[in-house]
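In structure tokens below, several structures.
Two complexes come next, and they have one chain in common, subunit A, joined by subunit B in the first and subunit C in the second.
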Partner chain A sequence: MATLKELAGQEELFSGGHRLCAGCGIPPIVRLVLRSAKGPVVATTATGCLEVGSTIYPYTSWKVPWMHSAFENAAATISGIESAYKALKRKGRLPVKPVSDDKDTKFIAFGGDGGTYDIGLQALSGAMERGHNFLYVCYDNGAYMNTGIQRSSATPLGSATTTSPAGSVIPGKEEYRKDITRIMVAHRSPYVAQASPHNWKDLEKKAARALEINGPTFLNVMSPCPLGWYSKPEDSIALAKLSTDTCFWPLYEVDEGVLKISYKPKEKKPIGDWLKLQGRFKHLFKPGGEEIIEKIQLDIDTNWERLLDMDGKLIF
Partner chain B sequence: MAGKTVRRLLQGNEACAEGALYAGCNFFGGYPITPSTEIAETLSRELPKRGGKWIQMEDEIASIASIVGASIAGAKALTATSGPGLSLKQEVLGYACLTEIPCVLINVMRGGPSTGYPTGPSQADIMQAKWGTHGDHPVITLTPSTVPEIFTETIRAFNLAEKYRTPVFVFYDEILGHMREAVELPEQGVIEVVDRAKPEGKPEDYNPYDTSYEVAPLAPFGKGRRFHITGLNHNDDGFPTNDSTKIDEGNRRIMAKIDNNVSDIESTEEYLMDDAEVIVFAFGSTARSARFAVNRAREKGIKAGLFRPITMWPFPEKALKKAADKAKSIIVPEMNLGQTILEVERVTGHGTIVGLQRVDGEPIHPTEIIELIEKHS
Partner chain C sequence: MADNTASKTKNSALTGNSAMALAMKQIDPDVCAVYPITPSTTVIEEFSSYVADGAVETEFVTVESEHSAMSACIGASAAGGRAMTATSSQGLALMWEMLYIASGMRLPIIMTTVNRALAAPINIHCDHSDSMGARDSGWIQLYSETVQEAYDNLFQAVKIAEDERVLLPVMVCLDGFITSHAIEVLSLITDDEAKDFVGDYTAKHPLLDTDNPASMGALALPDTYMDFKHVQSDAIAASKEVVIEVGKEFGKRFGREYGLIDTYQLEDADVAIVILNSAAGTTRVAIDELRAKGLKVGLLKPRLFRPFPHAEMVEALKGVKAVCVLDRADSFSGFGGPLFNEVRSALYDMEDRPKIMGRIYGLGGKDYTTENAVAIYEALFDVVKTGKIDTLNDYMGS
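Let's turn to the complex of A and B:
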């Protein structure tokens, strides 16, 4: 694993000057993931904030070959690219032969939670099952931020969005979020992990591990969003850390079927600490909101206990 | 009957949501997409208050499938989208045409193809409305050109869907979707609201595709009548058939129910057309530029007129043919590379038809139309 000094010395593959918001979680995630690859990288991106924010003519932030196709098919597109690469390699038609598997070209697809949990799930599932050699990175900010903060199946229970507005009829989103990390584990992927940009070391380690594996791998990364969370841009990294300290976003990996928790907070913080810094949950701090906060806490506790039970065990 | 009218400043997409509510829409299934999202957002606030059901589906295909399902169960159902979503929805739209399930789809047109230009206007989905799904199928498409008209045409879309048991589209461009105008919202009862015919007789005798009707009554699922619905060609009872006579009959019948009622479905506006020598054929926000251009031309003594299809499909063949017979020239401005001009040529066979096309995400400016009017007057 690279040291901070080594990482800092590497070439930046995702440059600044893009139009992602101040305090957005996406750029540090993309920068770290790209730096984790030892060889050349080819990337695809689903429609979303990262796509529109990083590639507006005449500029691009991407110093790697990059392709956007549509909302639902980043995983299908990377499948095609990776398959073509394999075929060219097999036929000896690559202009340059990779010096080692380690330094061979890596294929990475990026998508937000809308393009991953919802409309892109079918393409992602297909690519995982077919077993392409690629890494899929989901930046999960918990809603469709690019189109104006609509709920997604990653939106946490109780969160107000423009299509789950908190009011007298509903208290924000009424459904639990989808646990897509577990769905990816169920695909028998050789490596699935959850990470967060505040813990750069952990994120870099996980991305590097995913990329050294020959097979379909998946990283789900917490991505704070000041716009959609109604939070302060300067709080983003603290919010990312709090999401792990409250165990809302447990850091763990499932490597060749073995689950390992990467971070166990010394003192698990109550979920209210995380919720209260975000305007999307402000209605929960008015009378009647306590029950929903309790419900969220119970869900987190149950999930955390379940993870602790599985820690160190072969789960498939 | 004069009721209490509320006057409100509304965005086109909000007016659309208001029209849907007025028409009795009680189900929305949708998916976020620019520039139509405000329809979904408005209904997500309003439908729950009125006991309606609002669902954000996981993708565009699921959205259209959900409204077909809701409509089969008896709801008045709506979805709203834009180009890429419309492309994804095509299979289920064909299903709704063949199974004759009423539903309403709003398409707020943005630049295409593909992701195109999400925040810019376009009128390039007009042919997709007609030919998007495979096979011969009936199409009704309404193209309002003002915010108040988005309100009334959305109501009319529901009425036509219910009356003819078919999907009805309302297509307007991004400019109209996001512009704000004053809209008069009348009390319920002022504008006619049509509900689908309910079957009578014994439940065991019910056939969802009873050919003794032009449009057979549709029973809501789960309310006393058990019947079969399939996207395969089917018999009167809804079960699949290989009988070539029944296949032919069914395919012709779903077209005929629209073709035979064109006069009921058709809606056009003819502005200063009585003595017009130069006709501008325009719809949507382009018709607003065209109206301005026609007025300016009149000031200059040119006999110009505007022919505006409010119902785009079925195409207003008779009315346009009649109007075109007296004209020297026809100008067809549109935000695409020449779609409705093909229909104008087909229908009128006129010798001087001049297109004006823009696909740069900018609206067509009145001065561009005035220049052409002057040139061809």
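Let's turn to the complex of A and C:
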């Protein structure tokens, strides 16, 4: 694995000058993942902040071949790209010959939580089941940010969004998040993991592992969003870390069916520590909010216990 | 017809769908992403047998929806591969979003569209609501009267789509069940002839060229978006020339030449029917019956619907006194079907334009018979006699 110094010396495959917000979690995720391929890479992106922010014609941040076609189909699009690669390789008609027979171009699809948990779930499930050779990276910022912070099925319970506002009767989103990482595990993907950009070493290791596998792999990455979380841009990385210290966002991997927790906080922090730094949970700190915070805490605790139980075990 | 002895063609009796599957096999595309729907299903079933038997080198992707089928074709085509699919009805409707993206990204994807009605009510039989719903999606549309035409059109579609002056997706339409499931004797070209005719596809800027990374599908703001559309619009308009060239070349090689429109007994006709696909065949039979009685009736069958061969239509309908345009789809405008509207608009600038009326026929597989065609011709003669059209647009037989 690269040291920070080595990383800093590597060529940047996703350049600056893009229009993503200050403090956005997406660029560091994309930069790290692209480098982890250590070789030729082709990427696609679902409609969302990453796509809109990185390629305003005639500019592009992408120094690797990249395409966007629509919102719900990043996994289907990468299926087609990867299939063309296989066919052209077989026919000896690839535009660039592979370095060696076993060193194939890597294929990566990026999508936000909306493009992954919701509208893109079908295409993702199909591509996973068909077993294409690709890595799907979900940057989970917990809402449809590009269109102005509407709820998604990744939005945490209690969060206020523009379609689940905290009103006088309904206190923000009333439903639990969908656990897409488990859904991906249920596809018997050879490698599924959760990561966070504050722990760049872990993220890089997981991306590299996912990309060395020949098959459909999945990374779910925590992606702070100052705009949608009503948080300070300079707090983003600290918020990412807190999401793992509170075990709201456990770091773990399921490698060939074996679950391994990658980070166990010495002292698990109360979820309030994370919530209070974000305006989207502001209403939970008013009278009546404690119950909801308790509910969130209970859910986190249950999930964390469940993971600890499975740690080191073959789960499929 | 030109001499076709040069070609080692053989005759065979095949259904429309078998012929399309065979054409796909002979083209041997790089990627074929498919999802089943009646009546196009047997195209992909038979193609999957070619895959299973190693008769093609295609990467066969059995996606989980038509939306993903078109998305995968888009990815494959952008990557630099030749991509194909086949669908009908609801499947085409589900692709709608991606159809515009395929054409907007200028990707030469080829699709067999086996025409079927759209729900509701759900109905598996033939009409043209599906492909007519996609008429403004930027795809070139070729229509096919017979199994032979559908088969021949698929090879030509590849050449048209991939021509540098075009670079647009093409759909080849044939009538569900009527053509797709009916066995017809047709003349086949050999595998070698097929390969030689379509040639290899080499994309100019394939996404897989990792040495020269390109970004595709960027966001275009108001300062550039319209320019992209303008260029695309010019390209599809200019594709007519390529359709003609390719149709001629096909004729030279295989003895069956194709143009933008086809006519039957139209030269000296007083009245004419304009109609797409298989119903043109029925109309030809009615024409023979009426011509035997000395009645000057004729047919105009557009082969190309997108781009619309407006100038050729005007030329062909010169001297005709009354025309009925038969649509196998409604546009729900309260003003007739899509073909009616476009033909009528094309004829507007004619010096001596014919009287023109529209009838909607055959929706959801309702039969179109020679009696229907004869009745239309009789109505047209009434129009000529009285100089008046009683009912401009109507449903026929319901």
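The rule is short, and it goes like this: the second predicted complex is superposed on the first by the 310 of 316 C-alpha atoms of A that agree within 3 Å, B and C clash if a C-alpha of one lies under 4 Å from a C-alpha of the other, contacts with A are read in each partner's own complex, and residues count from 1 in each chain.
Following the convention adopted for this analysis, contacts are C-beta pairs under 8 Å (C-beta built on N, C-alpha and C of every residue); 3 or more make two chains touch, one makes a residue touch a chain.
Note that the structure is a prediction, hence the values are computed from the model and not measured.
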{"item": "Residue contacts on subunit A - larger count, subunit B or subunit C", "value": "C"}
{"item": "Partner chain in contact with A:Trp62 - subunit B first, subunit C second, else both or neither", "value": "second"}
{"item": "Touched partner set for A:Val41, first subunit B, second subunit C, both or neither", "value": "second"}
{"item": "Which of subunit B and subunit C A:Tyr144 touches, first, second, both or neither", "value": "first"}
{"item": "First, second, both or neither for A:Ala70, with subunit B first and subunit C second", "value": "both"}
{"item": "Shared subunit A contacts, counted only where both subunit B and subunit C touch the same residue", "value": "68, 70, 72"}
{"item": "Of all residues in subunit A, those that touch subunit C in their complex", "value": "40-42, 44, 51-52, 55-58, 60, 62-70, 72-73, 75-88, 90-91, 93-96, 105, 122-123, 125-127, 129-130"}
{"item": "Partner subunit A, residues of subunit B touching it in the complex", "value": "31-34, 37, 40-41, 44-45, 48-49, 54, 56, 58-60, 84, 88, 114-115"}
{"item": "Contact set on subunit C toward subunit A in their complex", "value": "30-31, 33, 57-59, 61-65, 67-68, 71-81, 83, 97-98, 101, 105, 200, 202-203, 206-211, 213-221, 224"}
{"item": "Residue ranges of subunit A in contact with subunit B within the complex", "value": "47, 68, 70-72, 114, 118-119, 121, 144, 147-148, 150-151, 153, 162-165, 167, 169-170"}
